[in-house]
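Shared between the two complexes below is subunit A, which has subunit B as its partner in the first and subunit C in the second.
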Partner chain A sequence: MHKKIVICIALTTLLLTGCWDQIEIEDILQVGAIGIDKYVPAAEDNKSINDKQPIEEEIEKNLFIYTFAFPELNIEELSNIVISSVGDSLYSIGRSLTNRTNHEMIYGHLRVVVLNSDVAKDERAFREILDEVEDHEFISRRVILLMTDEAAADIINVNPEINPIVGRFISEMFSRKDRSPRAQRGDISSILGDIHESGNALIPKIISGEKDVKISGAGVINNYEFIGWLDELDTTQVMIFRGDADIVGTRIPDYKGVNIPIDVQYKKSKLKLVESEDNIKIVAEIQAEGDIKRASFEGKVDTLNPDVVKDIEKTACDTVKKQMESAIDNVQKEFKTDVLNIDRFLRRYHYDLWEEVRGDWDEIFPNIDIEVDVNLKIRRVGLAR
Partner chain B sequence: MQNNNDTISINQLIFILMLTMVGTGILTLPRNLAEVVPYDQWIILLAGGLLALSIALIHGSIVKLSPNKQYFQTLCDALTKPIAYVVGFAYIIYLTVFIALITRTFGEVIKAFLLAKTPIEVINVSILAVSVYLARRGIEVLARMMEFIFPIIILFSIFIFGLSFLESDFLNLLPVFKIEFNDIIKGLPVTLTSFVGFEMILFFGGYLDKPQNAMKSYRAIIAVLCFYLLVVIATFSQFGPIQMKYLVWPTIDLFYTIRLPGLFIENVQVIVMGLWILAIFSTIAPMHLAAVTMAESLTKSKDQAYLAAPFLPIIYFISIVPENISENYEMISKYTNYFSSIMIFVIPLIILVSLVIQKKLRRKVQINA
Partner chain C sequence: MGLWEDLFGKQKQNIIKNKETAVNKSLDKNLEIIREMLVDCSDVVYREITIGCDDKFKAALIYVDGLVDKHLINDFVVENLMIYSRITPPSTKTIKKELSTIIKDKNLAVMEMKEVENIEAAVFDVLSADTILILDNYEKIISIGSKGWAGRSISQPETEAVIRGPKEGFVETLRFNTALIRRRIRDTRLKFKPYKIGRRSKTDVCIAYIEDIVNKDVLKEVKRRLETIDIDAIIDSGYVEQLIEDNWKSFFPQIKSTERPDVISAELYEGKVAIIVDNSPFVLVVPTTFNSMMQSAEDYYERWGIATFIRMLRYLGVLLSLYAPALYIAITAFHPEMLPIKLSMSIAANRAGVPFPSVLEAIIMELALEILREAGVRLPGPIGATIGIVGGLVVGQAAVEAGIVGPIMVIVVAVTAISSFAIPSYNLAIGFRLLRFLLILASAVLGLYGVMLGTLIILTNLCSLKSFGVPYLSPFTSYVKQSSDLKDTFVKAPFIGLGVRNTVSDKNQRKRMNDIRDEDFNEEEGS
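What follows is the complex of A and B.
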């Protein structure tokens, strides 16, 4: 008798799979991407979304436009459904959307959040959005966080030709290991980590095209506020400096009249603190190996000649060093924001010094000396000399 | 009922102890450690483990000194009968409230991650009902259940924590050896909380088939310590000490970061929640049984089965006393800091001292005679 009951119970549990809190799977909208824009009521028509409220109050309420993209189910051709709504938080939008759709929205498979830069310019709004994402039980920490200076809704509305589901397209782009480091890691876990650590971070920038999107450069966050865009070349250099870059294509534009592209594999960079009395000096040792991808057909550059290779090596080192120094200069002088993670280096390896400087790090960082020591070795030259 | 052959082996006891210790604390341990110091959290953990180890040795020797006796009997021998009744009753209250607080945490986590629309009352009562079922069956069934659960939990959790190391940065553990002695002392209560549960040996030691092996129970502490080290290193190398302070349940967040192309399920945390429910159940059930056996001794009943169910409403009502989750955690930390340390450390120490003195006196009497 006992056995029969146990078998019955076991079998019923099998039948119950796929049922989750009384929601059928067809009635679920799997949000794949969210775009967040700042809501600015149009001045000329002087109308608010809620007629009873004056516009001023609405602005004060910190309203956002949320744009959601869902993959359309039950259809042979993949495409997105896009819904957009105005509200003060993801939660309240979710509530109000219950009166607009017959489906339940869930965020368990959310891949991408795109922020308009105006949202990030406002510290309060930015902190609210970040906490919303970190607090949410179902939003994974692998979600990609991006910034854009266009309307975030435009990015969400793009249907990339390669994969029309925009959320999945972008997140798969970020999970490519060989991606060129023109934008930094986008997963919200690492960005939140950076912001928790110092209030500073880089958030990858996304640009929309007609039929595709492109990640390029990064938005600089200083003290929980967006302060400007770092362009893609500088971002690459910052990534190399931080040791987050793997493969970077670089080139020597004019080596004896030949344009030589080099495929460079970076190792983790090593930082060193050089003791000096008047200033903090950091030396970054950057090690890399490169392959020459092209010289010139029967040209002057003989890549089987070790002296020539050594010379190319030296030029390449100088090129990388120059680029990096200009990027570091930009970060220190223009943005005055430690996105090079030197604060983290000091905290980890020189805790006593860090204790002394942590209070005024924002003022100290722009004036410290950073020296770059590039050591690039060319290993392979291709199949023809 | 197998009341007549209620014996367990030392290995079974070790399984029970290990699984009782690993419970709700595992979700919050990394954050609690991060709040004490921004570095060297693993040293605090080691120190806490050593302290727990020494307390476990005290418990072990109590069991060894009064073999095959129920804990209440030991209390009577050591503290005289009237005091033993008071202390025994205090133990029942201690266990009941502790189970209640764990149940509440369990309900909150399940409600947040799995059953958002199920009332917390239903969640709490369901787990307690299963626990009642097990407590009715006595120690043997419990021991076999733990033997059964243990490999499932261990195999899966090592696999899953291993996955989490794929994307972690061990430099987050730096700087090392910066910690000062005061910080270690400050952090001890936090870590000791995570080892609560090893006092089960006091309640179940009487069932051991070979009581002289009781000291071997220290192995349970070492195993759990290793497991906690794994958890702490995995979470800290993922989040770093600064971000950790802001995460309510860092251990769950850890599994939200796992990304493995080609993994057959996208969200590993589903497995984790399944394991965690088992882990919580294996904390609640032994404590429940311990409370029941104590009640059995106090009431001098012959069978403990009918005493299991009355605990359910009491535990349930205590579990809904905290108004919100913050208050719940506040209560747990106060409770374990004060009440637990008395019940786990102070009282057993007194008992041990009393038992040792009695033994010496007895020997003297024998020699003199």
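What follows is the complex of A and C.
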């Protein structure tokens, strides 16, 4: 008797908890990239997104165009298939696409989500999309979130020559170790971390070319709203300031009449609060190592002379410092948005002060003093291999 | 006999009764009784002779043709009795009363000889390839050991070939097998205890052990279990194995069988018991653990580093042969997001034209492989290899090109098959063969969850198994008592580290090696 009961219980638990979602690997569409655009009813019907005869009651649902890219199942030739549809959310579009595709869409291998800047300008829409992406059970936290001022669908439609699978192409670009920090890290977990903390974040910007795409600069998000583009040079400086940059190519344009390229490796960026009566003053100590990439300089500069190298070091420090100060100025005055993560620093290390300023940090931030102390050492003057 | 009678008719169980008939004084009467017992046995040879100059004494020899060494009987029994007794005849007077003694002690030039007192025993001796000599006017029968049948000569064991190590294997004759073991253990404490099992077959079974090293509990249990066997015939040691194993429901063999005398000797030195069955070249060893099934003789003959590496490879082989197809199904059909994207795309693209779900694909390929394997065993050597190539390569390639199965599935199945041959013990490998199908079904229904459930069931079963009182998974399961046995599991310690027997052996005989070498053989004088 007991045996029977145990077997019954075991069987029910077994059959109620199993994975009953078997679907063969070739019968799924492994969505690699999603582009999200704002929907604007076009004059003529757009067949590719199937909005030919929208139902009256559902017209209000037509907020966004979602564009999905998934690789075609073909070993010899890599190519993308692109489908677009109109709707108000990933979920509802996924549902309506079940009547347009014979395969199930799986987001387990989603790599890239591209947002059009118009979508991000709408706070509610931006929040909804982020929430959906964050909550989706299949979407990985390593998905790259990008913004563009072109149509997101155009980006998705690019077939880069190097690797035509655009999602994989972009995500592999971001995973390059030696990537220049002209766009910030794009993985959604770090962006969501920033946004949830303060409502502010930088989202890398992507622009399309004919046969490739380029990531450069960043969109500034202030309180869940897109407010403008930070250009690539400023982005680089912000990344250095935050300690997220690794290798940056710098040059001293006119040092004794020659152009000196320096490969700079940023090691550390440390913030310090300097007590002063009237204003908050932050000092950023930035440590870096450089590597001069040219050798002879037409005889004008002798890089084997330590004094010359010291002098180059000093000039390089000044150059970097100047660039950074201008970038910080830009962030403070133009965007008035703390993407430098100073709020995080204050909250972690100077909580008392933070308690005082947290209420109106948005007003205080543009006016605080930020000083940069660059400590760049030239370690190598020419490598041989 | 009609079907009705066959199904419902009364059954009479004829039980063989052991009777004992005393040997008669009269030769004729004895012969009559024996002839009656062995009626219609055309292989039995009777030879009646007379002994002495005046042909006064009659005698008869009986043996089974084909089993006995005829040279021995002719040259040293018949010749002595018939010819030499006439050349140098003792006087009739003296031999009259002591004929039997003279024959036994002075006339028959053979080593093995004994006397039996009842006819049944004598007939049994005849059937066991001895020759019996019946004398007139004598109440005993002389049984002359004359075993000498044609058998397979000692050759290399085919199932357990090694590159380095002895190349001789057991044969079908029990005596040769005990000799092979005795040659490796010249110790008075090596015992061969004989049993006769099988009501009709009366098969010789012999348990071998080293008296002071053996685990006494195991020895007692082996004897007890052998005595409980009540069957009409034992054809092979496989019969004995299945009749004395602990759990017949399990897929795992709990008794190791081997063709190699060096393995048996090594196991005896480890305190285990060997069971040798006549007519079978496979000798059983108890108690057996999973770990000992994963060892090969060669591990001990080569250096420890490579032995360790190969052992780990074998365990990897076990995992692959058990899990490869199940994991393939679970991941492709349930959890494609677990694969790296490039691999997932290439699998999907490869499977795009395949009409079957991956489960069916796996089952088709696995069954095809099993059929190939079975066919390969049946086919004669050279053709077997051809079938392997035709079946494996040609059919596999054609199936892929025809789009019936995906190329990845072929790889998975091939890897499975190859890894199952990496398991040194054949009977363990065939256990995994069956379990693989169970796991395929489990993963087909429940995905990875099913694979995990299957694993749990297998592990539970493994943990609950015992072989003659020793846990099957030891020493992995009992670190307290058997931690020292871990030196010879995944890792095979350097030889000098194996100075202690494993914990199955008798507690007082653990130490087997003293390290009295110099610290460094190459040390220079005076340095």
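Following the convention adopted for this analysis, the second predicted complex is superposed on the first by the 336 of 385 C-alpha atoms of A that agree within 3 Å, B and C clash if a C-alpha of one lies under 4 Å from a C-alpha of the other, contacts with A are read in each partner's own complex, and residues count from 1 in each chain.
Just so we're on the same page, a contact is a pair of C-beta atoms (placed from the backbone, for glycine too) under 8 Å apart; a residue touches a chain by one contact, two chains touch by 3 or more.
Please read all numbers here as calculations on a predicted model, not as lab measurements.
By the touch criterion defined above, A:287 lies against neither subunit B nor subunit C after alignment on the C-alpha atoms of chain A. After overlaying the two complexes on the shared chain, residue contacts for A:163 are found with neither subunit B nor subunit C. Shared-chain residue A:351: touches subunit B; no touch with subunit C. Touch criterion met: A:108 reaches subunit B and subunit C at once. Touch criterion not met for A:315: it reaches neither subunit B nor subunit C.
In the superposition on chain A, A:197 contacts subunit B only, with no contact to subunit C. The residues of subunit A shared by its contacts with subunit B and with subunit C are 21-22, 108-109. On subunit C, the positions that touch subunit A within their shared complex are 332-337, 341-342, 344-352, 354, 357-358, 444-450, 453.
By the touch criterion given at the top, residues 21-22, 108-109, 134, 137, 140-142, 175, 187, 189, 192-193, 196-197, 347-349, 351 of subunit A touch subunit B in their complex. Only residues 14, 17-26, 28, 30, 32, 71, 73-75, 106, 108-109, 111, 138, 168 of subunit A touch subunit C when the two sit together in their complex. Contacts from subunit B toward subunit A in the complex involve residues 39, 112-113, 115-118, 171, 174-175, 178, 238-240, 242-243, 246, 253, 256-257, 259, 261, 266-267.
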